[in-house]
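In the two complexes that follow, chain A is the common piece, with chain B as its partner first and chain C second.
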Partner chain A sequence: MAGVNEQSSASHEMGMHTEQLSGRSQQTFFDLDEEGGFTYTDSFDVDYNKRTEIDCNNLDAKQINLGLRDAMANGYGTVVIKNPGAKHSIAVGILNRLNLIIEGSLGYFGCGLIDGPNVRITGRVGWSCAENMMAGTIVIEKNAGSTFGAALRGGDLVCKGSVGSRTGIDMKGGTILVGGDTGAFSGFMMQRGRMVVCGNAGKNLGDSMYDGIIFVGGEIKDLGIDAVPGEVTDLDRAWLTRKLKMYDLLPAKGVDHFKKIVAGKQLWNYDNLEPTEKKLIL
Partner chain B sequence: MAGTSYKGSQITDVDQFIKGGGIESDREKEIGQHIGYRYDVNLLPDYERLTPFLKAYMEHMGWDDLNWLEDTHMGYEEGRPAVFDRNINGWVTIPEDMALPDNQQDRDMIARELLIKFQMSPNHPLAQLNKAYRKF
Partner chain C sequence: MCGIAGLIHRDGAAGIGQEMTAMLQALKHRGPDSTGFAVYGTAANDEYILRFKVAEQEDLASGFKIHDEIKSRRATVDERLKSLDVRVLDAQEATEYAYRYRIAYGGDLKRLADFVEDVEGAEILSIGNSLELIKDLGDAGVVAGQYKLDGFNGTHGIGHTRMATESDVDIRSAHPYWAYPYNDIAVVHNGQITNYWLMRRQLERKGQRFVSNCDSELLAVYTANNLESGASLEDSLKQSIKEIDGVFTYLVATKDELGMAKDTMAAKPMVLYEADDIVALASEEVAIRSVVPHEIDTWDPYDEEVRVWRA
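Showing the complex of A and B:
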């Protein structure tokens, strides 16, 4: 309990319990003279040229993640994880710039909640890879499981193979690139961000999407509720070309064949619609 | 329709939500707040307009493009230009005396630069909360 008291004391000393909020503006303003750097104030200062390895044999997920943290604390900017053995919840919660190479496959929830690192995975990944990812890049050389990039908020999430169902469910930003096919209900309840599928898409693509864009290079089994075709603009083509080229996924025939799916926005403010209006949408 | 009629693609003037104050449709007037985004969330960045600060940031992070900042735009809250900070789940307002360019792409680049400086500052609300409450 001593720790709790210390924390409580710290927050009181900082005035967080005596702040008078009524009668004053709640707006937060930018300070143009702010001298912020490129990383969070409490992140580790790492050097990409400093490299280390972690052998995951006989280590559990917690030990591996603590090993990663220790490596960053010691300034290692490039970390190679060997023998990950498809263990779950590896490389989660990294809020730092880091070059992370995973030689093998990951289990469930790999690389979740990360903000900044560049990750390359030579094998496959299980369910919910990169869930809630905030920033950075993840490149998976083989296939991925279901709910790939669930609730993604930012960054580039790339799978060079095929992915399971509900890819990008509830995504709120960022980019998902799939070199192969994606399963049913991809982009379900998507709120913003971009998804690019070079192969085919399964049933109910973009079901109940609120906003965002889905590009599909192959066939679409069918569209979900309120997902509608959109017009591909020159800016879209330029962005697609640049992004796919970045990850060696640009098809030989270019991007002109890609279809664009957007939200019809008929479901916005759904609770306030009249019953007859709801029927029209559903 | 009782729902929103506003769509990002209907923005015709870069100052639309500064001039209009933000509450426009009958439904918005009824509930006293705007519905939907105040900017086109799907607008892709024009990389010809990158600022030197953003180029340096991309290089520092080891990224070939703006990465998560592709989703950052200058929006408008209560009739004032502002940027949404996902880390505090709130809008951060641009100072009134700051001159804004006349196009959305340049405004978005400014928004990205300001947001990074704000988030990485020791004065950011999360840095303060972290200092006061972190457990380990």
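Showing the complex of A and C:
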């Protein structure tokens, strides 16, 4: 890793900011030449063929997450979480590949801040599931609460049932797929990424969105400020068909009825790239 | 933040006291300041359960005289009840400062409530044929233990764990609120009401009374005012979404109904489980799991959603 001053200089040169960063706001850059430069310090090398189970019945959230970390540290790549009992903050901060099966429901902030795992949840999830998710897939078989996929940055977040309000608020990338309906203010201040709702959408859809695309298969109660209808292209239809098919969500009548909502860009129109995107361009 | 919960059995009475205690204990992290229950037992139409207090818990630390004052205030309340021809069939001391009276009374409830609350420190927590409302400082386990709620059988109940944000940590500001002066109506609320003072002044001009500065009390008084005007519970809940500003999710219970309303912003949580025999709803699913531990289908009601269930 580069030193603190070098990091500041590098980010200044890249035009990300002009102020001097310190403490927790200090940016970290990966060095291609450095060994393990693309590996998080808290990630583990796991084997999908090694399988273990965690019974959460008499465990609190911290004990469950420590158990999960312990399993990953020992190389288990397939972990089954039993009896999660809608407890909060389960399976957060996983920064490596992992086949995670959750048999039951999660409470708030389930699977937040993850980067890489493939998660299947047989029950329901509470508020703020997959907040700030970077990569991987999460498939939820039942319903989800509000602020589903808030500030999502990457990966596929799938709910086969209906979700609450403010779905994909502030999302900055990735894909949210909803098999049922979504509530009010979905896509609020969305900045990038794609959201697909097979059912109906509540009021103020896409309010104050900067960018990104929302597809809705059902009725839209009304659009928010600066959210406007867009033209559904052949590429869009092909993408929708492929993506929905992947998760068994493709409607029997296809995707021709889907509406597309995009940003009118009259309210906000920024063009700042993510640090990783800037790095790729440079 | 606060946590609210409600439970209604559609096929007869059950151990609602124990169930509500478990639900609210699961929501303890949402508000540790106080806990309250409004539970509905078997109705006896010719009798009322009167729950009242004559001091706050914190008053007990105010000096040696308070113990005598509490005795004196209770004696004054007893005298006033007698003067109104209220027959006290049974009197229990839930705590040193809070009491449960089983009474026979055929007069005007508002007159009774006003006369009792005129005594210094006295506040009626509830009057009802089947409603019993208890609230105190501490978590659900502490309050339920103190008031011996575990053995309570009933058809439905609502409850609240409070994180004080808008008013003091005391019993007066704790939920549920009884919809004075109507028997068997109680309200719990999670949220902030932003047109509180405007609405309060309007209701006070109509003769309604407020005992606290807690914005949640407005919903109880507002509901009482609507029901007095002949509105159904469902109408009142729908009307509240249009007239009350802020972010809120609240529950109202009557003798045989449980209702919920969610504001137009849908900013406060509510998870709902509906089955043939039971309806359970709470700020978090973890509370529902404490009474329905097996895998269930739950969902979030949407913005402006109003629901009413009958026992």
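Note that the second predicted complex is superposed on the first by the 226 of 282 C-alpha atoms of A that agree within 3 Å, B and C clash if a C-alpha of one lies under 4 Å from a C-alpha of the other, contacts with A are read in each partner's own complex, and residues count from 1 in each chain.
FYI, a residue touches a chain if its C-beta (ideal position, glycine included) is under 8 Å from a C-beta of that chain, and two chains touch if they have at least 3 such contacts.
Note that this is a predicted model, so its numbers are computed, not measured.
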>> According to the stated criteria, A:W127 is in contact with first (chain B), second (chain C), both, or neither; which is it?
In response: second
>> Is A:G107 touching anything from chain B or chain C once the two structures are fitted on A? First, second, both or neither.
In response: second
>> Can you tell me whether chain B or chain C touches more residues on chain A?
In response: B
> Which of the residues in chain A come into contact with chain B in the complex?
Replying inline: 3, 7, 10-11, 14, 16, 27-32, 34-42, 48, 97, 99, 116, 118, 134-137, 153-156, 173-175, 192-194, 211-213, 235-236, 239, 242-243, 246, 262, 265-266, 268-270, 272-274, 277
> Contact residues on chain B for chain A in the complex?
Replying inline: 1-4, 7-8, 27, 35-37, 41-42, 44, 46-47, 56-57, 60-65, 67-68, 70-71, 77-78, 83, 85-86, 88, 90-95, 98, 114, 116-125, 127-128, 130-135
> Touching chain A in the complex: which residues of chain C?
Replying inline: 265-267, 269, 271, 284-286, 288-289, 293, 295, 297-300, 302-303
> Okay, in this complex, where on chain A does chain C touch?
Replying inline: 85-88, 104-105, 107-108, 122-124, 126-127, 142-143, 145-146, 161-166, 183-185, 202-203
